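Below are two complexes that have chain A in common, paired first with chain B and then with chain C.
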Partner chain A sequence: MTAVSTGVVPPAGSVSTTLVIEGLEISTVHVGDTRPLVTDVTVSVGSGEIVGLVGESGSGKSLTALACLGLLPHGVRVTKGSITLDGKTVTAASEQELRSLRGPKIGMIFQDPMTSLDPCFRIGRQMVEALTAHEQVSKDVARKRAIDFLGHVGVPEPAKRFDSFPHELSGGLRQRVTIATALLLDPHVLIADEPTTALDVTTQASILQLVHRLRDELHMSVLWISHDLAVVAQLADRVAVMYAGEIVETGDTQQIFAAPKHHYTRGLLDCATHRHRGEPFGFIDGSVPEPTEWATGCRFANRCSFADSACLQHPEVTGSQQSGVRCHHPRGGGATS
Partner chain B sequence: MASTPRSGMVRINPWILVALAVYAVAGLTGIVVLLSPTMNNRMTDTDLTSTFLHPLSPGHPLGTDSLGRDLMWRLLGGLGVSICVGVGVALISIVLGLALGVFGGFFGRTASFATGLVVDVTWAFPAILLAIVFAGWLGPGLPAVVLALALTGWASFAVIVRGEMLSLRERDFIAAARVLGVSRLKISLTHLLVSLFPVTMVVSVFFVSTSIVAESGLSFLGLGAQPPTPSLGVILAEGRDYLSQSWWPVILAGALLTGLVLLLNALADNVRDRFDPRSRRLQ
Partner chain C sequence: MSPLVEVRDLTKDFRSRSGSGARNAVDHVTFQVAEGESFGIVGESGSGKTTVSRMLLGLVAPTSGSALISGIDVWNSPKAERKTLPGIVQVVFQDPYSSMNPRMTIERVLLEGIRSQTPRASRAAEAERLLELVGLPTRYAALHPHQLSGGQRQRVAIARALAMNPRVLIADEPVSALDVSMRGQVLNLLADLRTQLGLTCILISHDLGVVRQFCDRVVVMSKGQIVEEGDPDRILTSPTHEYTKTLVASIPMLPPSGPS
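Here is the complex of A and B:
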């Protein structure tokens, strides 16, 4: 399975960036009271690039994804920074403009294919609905295109499946259907919010292969959100690690997995992999702090065994945007490690 | 609906349907009799020479009442009135309630707040008070009853629909449709309305039964069907005065009413089991 990722050359730096998130801050806004949930998130996804956004539950990955689509829940707003999609500022777009972006410019697939398809409608109808929301197409053309795409994402007997109800399909097939639906409008960016978490490991592998293939064929950018490091390692060209609402480390997949600079990243990797046979899994003491409990200094300091008085100051990202770390004592080069 | 149950689906109990069909035939007969000028007199003609006849009397299978009117035809007519009022009230309530519930549930906070306000104001008026007001305005009779019940009933329905909408719109498939750029209006008219179908079915059956009881109550108080038009409530009210001499009008009308309401509630329960995915059984 690792062959999938090693065969792909990460896109060169000259490739234009499609999705740019810059200094993003997302907060809950009540009357006179603003509480940040996500702060200073800067990620960019180049054309044809797959970027993995990794973090535990509650680290703000999904909020970041929803902000890219302008679909933040009520009472939650982007309070700083910007999101730019193909040169268009999403964070300043009206609902009308957003609707025209969703679909043709940016698509999204969800975690649970069991719930992201409407159980009351045939899948074909749901696909055609997406098409007709943006283009004037006849029913026959829409149907043909939908069936083509179903075939393209590896749904067997697509013409027959077109008329199936979601409950008649397996989880893996359903996720293929949601991918086909998202791709039907040929989006430049695909946001995937843990789309393999609800699937079997074997199904997961085939979906990962599919996304990889589609990225190569359609030259689409993918922001892959996951808490599963193994998945990200297989799939992503670059990785950004989120912790407590901010990005703590970014870098090439190879580099992040081989030599993580942030102690949190190291801890995450230890949780997922045995370094030596027979050794117990590592774990990180404590849990991700709630946004109200964020320390004013380094937010990871209370769980970090390398923390000292310097960590009472909030660290800024050091290094480049392509490969940065938010730590006073980064591993491999820092003063204390 | 009882035919061809899919695997795992709860069947509608056929006996409920059979019994309801009997009620429907009886009610339809009553409606025909009520509406046809030539047959109307069967339930309104008085005959003071044969009052309080026992059931199974010759020519009067269920006996007669205090004015010698044939009880069988009066019960049939009363049933027809009850069913018409129940279904009518349910239909009006559902159309109004669905419209406002969908509006309040999907179009943001202000819409939700506005719906809540209208509902609260509506709930502040008891149905009986409204019925009296409408009786004063339109004259006492069934139109006033239907209006009063529908204008209070829709509010409960709107609240149920709005609650369901608030839960539905957080579902992934709604988000998925929005992600694809489908407009809110289209989403609420397709995905949401279709998803509302089960709850609408259950609530509407329940509404028919509560409306029937409410109509009987209002008629019992003299606000509903006016003499000589029968209604189950009217028969109960008239029979009450002569309960010591003839028990059967009250008992028969009461039994008919109770049976119908029980059946409708059982049907609503069955329909809910059928549509509720959580109560799906293995076969």
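Here is the complex of A and C:
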């Protein structure tokens, strides 16, 4: 386990911690058979802070996000640890309590705006529905607020777009609609699961700007999930790197990019670095193991050139919760690196 | 010497179902690719870059204009000539999950194009040669696509394209469906094969960074038109067209990192 959270002084700037994920384990549960998919994940997001959760597909980052909303798929459960939101334990909440949390307390944007919007209804109706489900407001007020928010997130002619169907909008506009819908209820925490992966770079750039602006204006906390280090570098205050169901490194964005401690983080940075013509592209040999193939020791050892006999033991996180690494031979300061 | 690939005023209109108004998916696009060159087409979704490649492959009929590969007009040459095209130009698609028949073994996938010309006795050897060429273990010949990872599948897709011994390889977003840690492997493989086999490559991508590292020359497409053409380094450092400027400014950049 990591350092006890109460003993850690939060960095300057983050006032209080809004979302706390501690020692989280998520498993598939069949009759008498429990298989972990995510183990020992500890992350916290302070008020007004943007935390980037980085990892490749299969690292468990989306499951972690879904667990925060109590939306894990059937047969998958939180088997250890806890998630607390503004002091309230999400992992122990009833379905009714969860309903009251989703929306006003915690909002989510998904990767593909085409599947998170219903193609059969005008976007206005879908936005108003989100609002009236939680608050007693008249249709007119709801409509006005929805149009306001559409304008706020940069949808041109919001009053006209209010009556559009999802298919009439471009991918970027659709994603803005889902962001506006999530923001309608003024959530304390926004979880964004690869929200720009399906979008063009120019659209992505404007969405990133928008998130920055909203954080500053609404003092919202954001957990931003992405496989793209460059995007996270631009957006996040802090970064947590996930690999094979666990967090392998956490730290300040600047520190992670300037001096990564885990060899996996270093490798990911290498992959994302653009070089000059004719130079070879960076890569990490091998592929992310399936949960059934996790090594009992360090899960990254078989892809790591620094692995030795010590790595047959599963490494614990060293350092603090704010800046920790799960490696026997961390870069810079480790005895063997 | 005439260029290996020549595209002249290529245009494609898609008509809406109601028949009212046509949309220029590709609007008078002209470019040439010399033998052995590595050529990039960059643009956002909807810019027409994939439609250009599909017209080159004979999969989408142009509204007007022409596409010539090795002097053969993809759409207007006599059928006997056009039938030789699959031996000259091959393609690697974006999604290695949907571009392979899940019921075929990898050997069958690899040899699909040359099956009739390859005697039964030498098929296994040919499949092994292709797998070795792309750095996969030969035992994979007996597996099915679902048993392979995305990166491995994309290697199979490259091997399948190379089975025909093409001179031109079109790669349409070959790594955007792959995990970050695997993209480099596939791109390095493509670059190695290009020098090893003297291939002419057309790389279609939305990622200017990848194109800069891979290509000798690049065209930037926007709304069906080529808006800028030239050396990838020059385009990244000093773009001239407004659209290219926006595109370059939008690329998220890593902060300078410490020593590796």
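The rule is short, and it goes like this: the second predicted complex is superposed on the first by the 319 of 337 C-alpha atoms of A that agree within 3 Å, B and C clash if a C-alpha of one lies under 4 Å from a C-alpha of the other, contacts with A are read in each partner's own complex, and residues count from 1 in each chain.
Just so we're on the same page, contacts are C-beta pairs under 8 Å (C-beta built on N, C-alpha and C of every residue); 3 or more make two chains touch, one makes a residue touch a chain.
Nothing here was measured: the structure is a model prediction, and the numbers come from that model.
**Q** Touch check for A:Leu223: first (chain B), second (chain C), both, or neither?
**A** neither
**Q** With both complexes superposed on chain A, which partner does A:Cys68 reach: first (chain B), second (chain C), both or neither?
**A** In the superposition, A:Cys68 touches no partner, neither chain B nor chain C.
**Q** A:Glu279 contacts which: chain B (first), chain C (second), both, neither?
**A** second
**Q** Scan A:Val45 for contacts with chain B and chain C and give back first, second, both or neither.
**A** Neither partner.
**Q** For A:Leu269, select first, second, both or neither according to whether it touches chain B, chain C, the two together, or no partner.
**A** second
**Q** Per the overlay, which chain contacts more chain A residues, chain B or chain C?
**A** Tallying touched residues of chain A, the top partner is C.
**Q** A:Ile207 contacts which: chain B (first), chain C (second), both, neither?
**A** A:Ile207 sits against neither chain B nor chain C.
**Q** Let me test your reading of the model: by the given contact rule, A:Glu56 touches which partner, first (chain B), second (chain C), both or neither?
**A** In the superposition, A:Glu56 contacts chain C only.
**Q** Would you mind listing the overlap between the chain B footprint and the chain C footprint on chain A?
**A** none
**Q** Using the touch rule from the top, collect the residues of chain A that touch chain B in their complex.
**A** Those in contact with chain B are residues 69, 71, 74, 99-104, 107-108, 110-112, 115-121, 126, 129-130, 133-134, 178, 181-182, 185.
**Q** In their shared complex, at which residues does chain A touch chain C?
**A** 56-57, 171, 200-202, 204-205, 208, 227-231, 233-234, 254, 257-260, 266-285, 287-288
**Q** Going by the contact rule set out above, which residues of chain B touch chain A in the complex?
**A** Within the complex, chain B touches chain A at residues 108-109, 171-173, 175-183, 186, 190-191, 194-195, 197.
**Q** Spell out the residues on chain C that touch chain A in their complex, using ranges where they run on.
**A** Spelled out, the residues of chain C in touch with chain A are 44-45, 149, 151, 179-185, 187-188, 191, 206, 209-210, 212-216, 232-233, 246-247, 249-255, 257-258, 260.
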